[in-house]
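In what comes next, chain A is part of two complexes: it sits with chain B in the first one and with chain C in the second one.
Up next is the complex of A and B:
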């Protein structure tokens, strides 16, 4: 417990600070409802215009879209602006003066930074998509509740998705040590992560030739795999395989991050003064 | 007792990408980059015993901060030896930083949005300080630095002087035996400066904390340090007491006079250092003419509104020291420091 104390304290502090951004969460919520509805309308048009059997049914795609909107903040799509300003201003020097492992410190920081806004958004979004839509006559466009086993399996897969997301976020934050403005790399990664995780289009709807590639990459573990567990598209018996994939990738990315950080520390130049 | 801090022949260079100005220069920089090597530390050596309070001074870009950052385990030098309490800072970073306190005057280690006391508690947890020890440490720091009214204020609302007092406390919650202060008085008003100085003095005297203090403020050095290390262009120019430094470089003192009338002032034993309207600055050697004698002579001949005597600022001393070293080097290719202990 004593070993974990610093990390708990840091998580706690960052988490509470992130909860202050309630206005941003509410503003984001409206944007996301709008986007969710637009995407569903596009899918509806698509499903009406085809007779061919699709890998996912329309109600499944609708639920998938709403899950994506509810859990959007968990996606590792940007670098932490706090780390960025620390590197820019040189305050990162203090981070290096702490008697704890720097990678763990940054990982915990990323975890608080990803979970706090997710919790702020996920709950109202779920209530809206699951219960309010049917009440206003949009039952076809609602988020369908999962089965009990599906729900439990989904929770397990999401915890692994969180770890994977934090490993990727930490990697992005470490990349900030190389160029003061690693914006270019981050923009590229944002595009890759949103597309290849299945956040924009469920991976099942990608062409067949892309499937092996998508399955080999780590990003499916962030969105597509856990959401399919929720939908029952992947049976609860398939959960161990999903989690294994997520955790293996997490381990690889953590090792990569640690290696990069160790290299970065050797060549670090603290800006100014 | 072996020295607390040993630095031997420390070398550190930075590679700086050079870019030609303008758009064309930026475009060319994408394809072909030229680097310039900057030697921030060029063979720095010193050793510091437990309980010493050492001033580390030099012009901007001399390598002061690089030294402090190396001693803190943040930067890895290119070559040379460096040990703090028997540990190599960057190799045993975690064990090392648990035993040092660091304050970088230009930045804060407190959490911007949190009340001060919560930052302290966060640091207590990060440094794994047991509650009882934390209580004793914080109570003493609150008393010494008069922090009581600041504890519940968010850091972003603190003035610079208040923030510095809190930063000093933050660096000492884990009661480190070694403290590095990098320009702790920068930008502070006179009252805050005095508070910081009093505190550092007390810390050194009553707790025996080893302190390295970098500063541009000669008054900091004069008030606190028994020993000064002067560094310029990454080399140690002088290592000894303040009196030694002054006497080796120049005994000169400055007499600043505000005249009532705009008139010429000449004196056989003083030279005009500079003149700004009716304000005149005269340099004199106190061993040739006593300040009292000089003041008496000038006030008897001219109408004087105000006057004061001061030491030339640190920049002047160091600049002269630097010039002297350069001159000596070109004369005899002498590599010995100008003054040794």
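Up next is the complex of A and C:
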């Protein structure tokens, strides 16, 4: 427990710092609602264009869209801008002086940095999408509440999704050590993450031939799997399998990140002075 | 030096500056192309799964998608100075611009011409070229000009929106993210023909923020499709003008805002 203490302190400090951006979160809310509405109208038009049965029903897709908007900030879509400027200015050398493990430090930073904005956004989004939409006559477009067991299973799957997301975020941070202008690589990683996690469209709506590939990759554990647990598309009894996949991939990515970090350390050149 | 020459002088400097980091620039632009490309993969997958979209085929929808991507990337690249205006007000840097005996609009537009949008631009162009060949589209000088007018009118409209966003900073000191719903959200919405949306939504983007006029209506004339909403052909040809009018109106609002400017003093 003593060994955890510095990490808890870092998490606390980062978390509270991230909570300061409340106004930005509220302003972002409106944009996300707008995006959500447009996406739902597009799906509505697609669902009205065919009689063929689909792998997901329209109300399920609507809930999926709102979950995606509420939990958007949890996705590993960029590198930590502070780590970026540290690598650029050479201040990353100070990080190396700290008597704690650098990988763990960055991982914990990522955890605080992904959860705080998510909590700020998820709560008002859920209230709006679940309760306000039906009140203004848009009940067909609401976020349906989960069953009790579904909700609990979803919470478990989201915790694993957070760990997976942090392992990927830390990997992005580590990539900064290899090139000063890593923006291009990170944007491409973001492209992979948003497409293959199910953020752009639910993975079930991709062609059937793509399903085995999508299921084999780690990204489904970020969005698609936990959301399907929420929707009941995956029964609560399927939760252990989902969590196992998420945690196995997290372990693989952590090991990969640690290995890359160790290699990066050997060849690090501190820029400037 | 007149205003136009001054503008080109400004952006010449901006472009030379951006090209200093060539590898970073190329990698990033390519990355953005891939990122917006994945978004289009989503559209492809939906058409693959559902066959068609309320009577619109994939190549038809792709015409809207490609055109709006090109339009938005041009506007985003030119209007960067206005987009970043909130920071300028916060730092008090706008005072400097006011001291110079030149138009604030030219000076702000001249702040930066962002070349990085080339990634999205090329991705939109690829989609557009593919879509028009899949449709075996018969081009005439008229429809080609109409496409250019639609792109330019659309760029004016999006620049008008960032001008409004910047103007709001005179009162709120901060550039409000709420405008992103109309800029980024507007470009998302325009990726599909407006007929698929609910009437209230469609009417808002035809009469209040005339996005449909710079994308949907001219595109009907270009792909020779009669309007399910019943707009006459002459209207389809004249609609892009709404984008230019929108910009002129927003610039008047901007002038009004400048008169209300109070420096933060920092």
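General observations
In this text, the second predicted complex is superposed on the first by the 273 of 273 C-alpha atoms of A that agree within 3 Å, B and C clash if a C-alpha of one lies under 4 Å from a C-alpha of the other, contacts with A are read in each partner's own complex, and residues count from 1 in each chain.
Going forward, a contact is a pair of C-beta atoms (placed from the backbone, for glycine too) under 8 Å apart; a residue touches a chain by one contact, two chains touch by 3 or more.
Everything quoted here is computed from the prediction, not taken from an experiment.
By the touch criterion defined above, A:206 reaches chain C but does not reach chain B.
By the document's definition of touching, of the two partners only chain C reaches A:185; chain B does not.
Touch criterion not met for A:256: it reaches neither chain B nor chain C. By the document's definition of touching, of the two partners only chain C reaches A:35; chain B does not. Here chain B and chain C are compared by how many residues of chain A each touches, and C touches more. In the superposition on chain A, A:266 makes contact with chain B only, not with chain C. Of the two partner chains placed by superposition, only chain C is touched by A:48; chain B is not.
In the overlay built on the shared chain, the residue A:19 is in contact with neither chain B nor chain C. Residue overlap on chain A between the chain B contacts of one complex and the chain C contacts of the other is empty. Those residues of chain A whose C-beta lies close enough to touch chain C in the complex are 23-24, 27-28, 30-31, 33-35, 37-39, 41-42, 44-50, 52, 54, 181, 183-188, 190-192, 194-195, 200-201, 205-207.
Here chain B touches chain A in the complex through residues 14, 65, 69, 72-76, 90, 93-95, 97-98, 100, 102, 104, 106-109, 111, 113-114, 118, 121-122, 125-128, 182-183, going by the rule given at the top.
By the touch criterion stated above, chain C contacts chain A in their complex at residues 21, 23-24, 26-32, 34-35, 37-39, 41-42, 45-46, 48-55, 174, 176-178, 180-181, 184-185, 188-189, 192, 196-198, 201.
Within the complex, the chain A residues that touch chain B are 2, 5-6, 8-10, 13, 17, 20, 89-91, 93-94, 96-101, 265-266, 268-270, 272-273.
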